[in-house]
Amino acid sequence: MERPRHFEDYVVGEVRKTSGRTITETDFVVHAGHTGDFFPHHMDAEFMKSSEFGQRIAHGTMTFAIGIGLTATQINPLAFTYGYERLRFPKPVFIGDTIHTELTIAGLDDDPKRPQYGRVTEEVRVLNQRGETVLACDHIYLAQRRG
Amino acid sequence: MERPRHFEDYVVGEVRKTSGRTITETDFVVHAGHTGDFFPHHMDAEFMKSSEFGQRIAHGTMTFAIGIGLTATQINPLAFTYGYERLRFPKPVFIGDTIHTELTIAGLDDDPKRPQYGRVTEEVRVLNQRGETVLACDHIYLAQRRG
Amino acid sequence: MERPRHFEDYVVGEVRKTSGRTITETDFVVHAGHTGDFFPHHMDAEFMKSSEFGQRIAHGTMTFAIGIGLTATQINPLAFTYGYERLRFPKPVFIGDTIHTELTIAGLDDDPKRPQYGRVTEEVRVLNQRGETVLACDHIYLAQRRG
Amino acid sequence: MERPRHFEDYVVGEVRKTSGRTITETDFVVHAGHTGDFFPHHMDAEFMKSSEFGQRIAHGTMTFAIGIGLTATQINPLAFTYGYERLRFPKPVFIGDTIHTELTIAGLDDDPKRPQYGRVTEEVRVLNQRGETVLACDHIYLAQRRG
Amino acid sequence: MERPRHFEDYVVGEVRKTSGRTITETDFVVHAGHTGDFFPHHMDAEFMKSSEFGQRIAHGTMTFAIGIGLTATQINPLAFTYGYERLRFPKPVFIGDTIHTELTIAGLDDDPKRPQYGRVTEEVRVLNQRGETVLACDHIYLAQRRG
Amino acid sequence: MERPRHFEDYVVGEVRKTSGRTITETDFVVHAGHTGDFFPHHMDAEFMKSSEFGQRIAHGTMTFAIGIGLTATQINPLAFTYGYERLRFPKPVFIGDTIHTELTIAGLDDDPKRPQYGRVTEEVRVLNQRGETVLACDHIYLAQRRG
């Protein structure tokens, strides 16, 4: 759904939580097929039995793609992505884990090159069903100023 | 293929280039279905006709997932990912573009917390068939020291 | 396989049963990705634990698409679909259920607007491995009269 | 997103429009693979060249599944689906068509068996980029009364 | 559909032709993702422009899997596959080609080890829309003898 | 990765082993959807409970496609496939089995028609986690002679 918001409409500390999604073995297989990364960490249950995890672990790129995808319920036509910072994977995601994403407005800054825009820093946290953070990053986007 | 490399084996300036992959309309549809992000920028050809791009553009998360996936031909069992920095999307990816990834060892540093590991900074560039960079980031990983 | 049949070849009470198909977690994930419907009823195992069902339930549109798909083993080149009536989902479909479809010719009528065709009403029932009906509807199609 | 609405909150004539989605060759192939319906009408471009349509046409079950899927942006936790009526496919959907769905509240009735619920009749229309209706049906659901 | 046939029911020279299927770019991408074979011959349009084919060519394993899949409309519960012989790919399959399969009973032999079965040799030919053979092999299966 | 090798570089007895891959229920569903083969042997868990296998078994074409796909980590630009011989499936593949492929150079012969090429016979064995061979065949390819 469209939700137009100017830079001035954002407030530091504002939080948005997505609905949850169970990460399935299907998602592992689809992601390997989509990206071409068939490393045994994600695809070989026998190999992973003797690893520190005891089982297959999700691709980091999948946790990122699905974690960000979960937030794609609101379109702000007045903003566009500048980039992502400090992308980390503090805990692995296993088959059967249920994740959701929490977004917190963490910073509102001038953009040095584009005076008609402001820079929004949104803290992204993907959490599993035990409340553990499995992905953290900052999403930086630029939102139009009111005028 | 496994290619075990210690921290001492990496050399600043070392370059690796992947093979290419044409990004298809199928990839757009698969990525939307995989992540749940059906924003019209990626999925609505009519809507995008009147945009600045004139056509659908790839999800940033797809360029990242496939761009990194292209590099998944060598496993270093002595290393693991720490994270990604400064992820940017300087140019859009369109249906029919052919991308490949270039990796350059850009930094070799001590890791403050793990003396038995060294920190490798690998510059990641995803380029299209016109030689334009469509994604840039730094991949940081930790590689075991020889001992 | 082609099986040409004129309107006069249909007999009220005629029954056709399809082979069975186990509905997998993969089907749930594929259907969500195909349609864009990632509602937690279908995708969030944690959320559904406390629901009346205790687990994820299939999309109604999937039960319909696969239930009808199971019947796609015979093409009658002399007939075409007019529509579906009274589509109902009396019981949920769970991951691991095995469904098949039963078709019964329930009515043969004149078509008010097309004298060279007759209207066939086919009762559609999708059943699970416990013999419970999980989908019911009437499929209406028009078949050419002999001459 | 959750949007709880009691039966009393619905108003006859209320309209909701979804965003658009371009139906791709990929969707045809995915739907055939998902349902097992590989009829030449959907899968054989050579066969369809000489048909009245001149090209492959979408599965009706796909237009239904995607057309309904497009509306899955709002969850009303106080309502559940009763069924669908008068499902029709007035025009074919071709590869490259862009569809969206329009929902109109068309009727608000008592439910004979469940006094604590009311019956909402929602007219569903799926339209292509030329404004032609490609699917029509009524979606009947039951919404809790305020009490 | 089930079609039980004893060894004695097969006749040398008997022919079966499947319906056709257009091989799409989607099939190329799905097959790469399913098998993990992302060789540039199948996935890199730029690389293939300067090849003898001028464009991407299908995986041989895909032509085999889909060519055999097209024949899966009749199940003989009295027979099982022994193997395949002389699998060849005389011509490439390109995106947009429409293929079908032709099966000819070419040999009926005793099975040295299983007196209650006979060995059926079925010539398999997959042809494109220009009538060219793109895959040839012999399918050997064992069918129960009548008595 | 490219690894150019002339006919003279091959040595009888040379062995290559791939990494492993767990065959999932997802792979069964994807393969059925990719090929159109929805036979109950692969798709109907209820039906297979009473079979000699007690559960669903993989499509032979899938074991072939994935077994060969696992070897697609080295491209020899000086060679091309001639065909496959004696393709057999000595044991079934079940959901959850982990397979890998072993390649052994078994023969090096002149090619009667192409003096500038030699014929390489590579024995292909796909094995499961119990060391049982689930697929065997010979892959024949032609490699350029040094000149």
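Order as written gives the chain letters A, B, C, D, E and F; numbering starts at 1 within each chain.
Going forward, a contact is a pair of C-beta atoms (placed from the backbone, for glycine too) under 8 Å apart; a residue touches a chain by one contact, two chains touch by 3 or more.
The model shown is predicted, which means the values in this text are computed figures rather than measured ones.
Note on connectivity: the fewest steps through touching chains from chain A to chain E is 1.
Interface residue usage between chain D and chain E, two copies of one sequence, is largely distinct: under half of the residue numbers at the contact are used by both copies.
The chain with its C-alpha centre at the largest distance from the centre of chain F is D.
When the C-beta pairs in contact are tallied for C-E and for B-E, the bigger tally goes to B-E.
Counted by residue number, the contact pairs of A-F are over half the same as those of A-C, the matching pair from B-C, A-E or A-C.
Ranked by separation of Cα centres from chain B, the top chain is C. Inter-chain centre distance (chain A to chain B, centres taken as mean C-alpha positions): 16 Å. One inter-chain figure worth recording: chain D and chain F are separated by 43 Å, centre to centre, where each centre is the mean of the chain's CA atoms. Shown for chain B are the residues in touch with two or more other chains, namely 21, 25-27, 30, 33-34, 36, 38-40.
If you draw each protein chain as a dot and join the dots that touch, every dot ends up joined to every other dot.
Only residues 25-26, 28-30, 33, 38-40, 43-47, 56 of chain D touch chain E when the two sit together in their complex. Put simply, chain F touches chain A in their complex at residues 19-22, 24-27, 30, 96, 98, 129. Across the complex, chain A meets chain D through its residues 1, 73. The residues of chain F lying in touch with chain E in their complex are 21, 27, 30-31, 34-40, 59-62, 64-66, 68-70, 72, 75, 81-89.
In the complex of the two chains, the chain D residues touching chain F come out as 30, 32-34, 36, 38.
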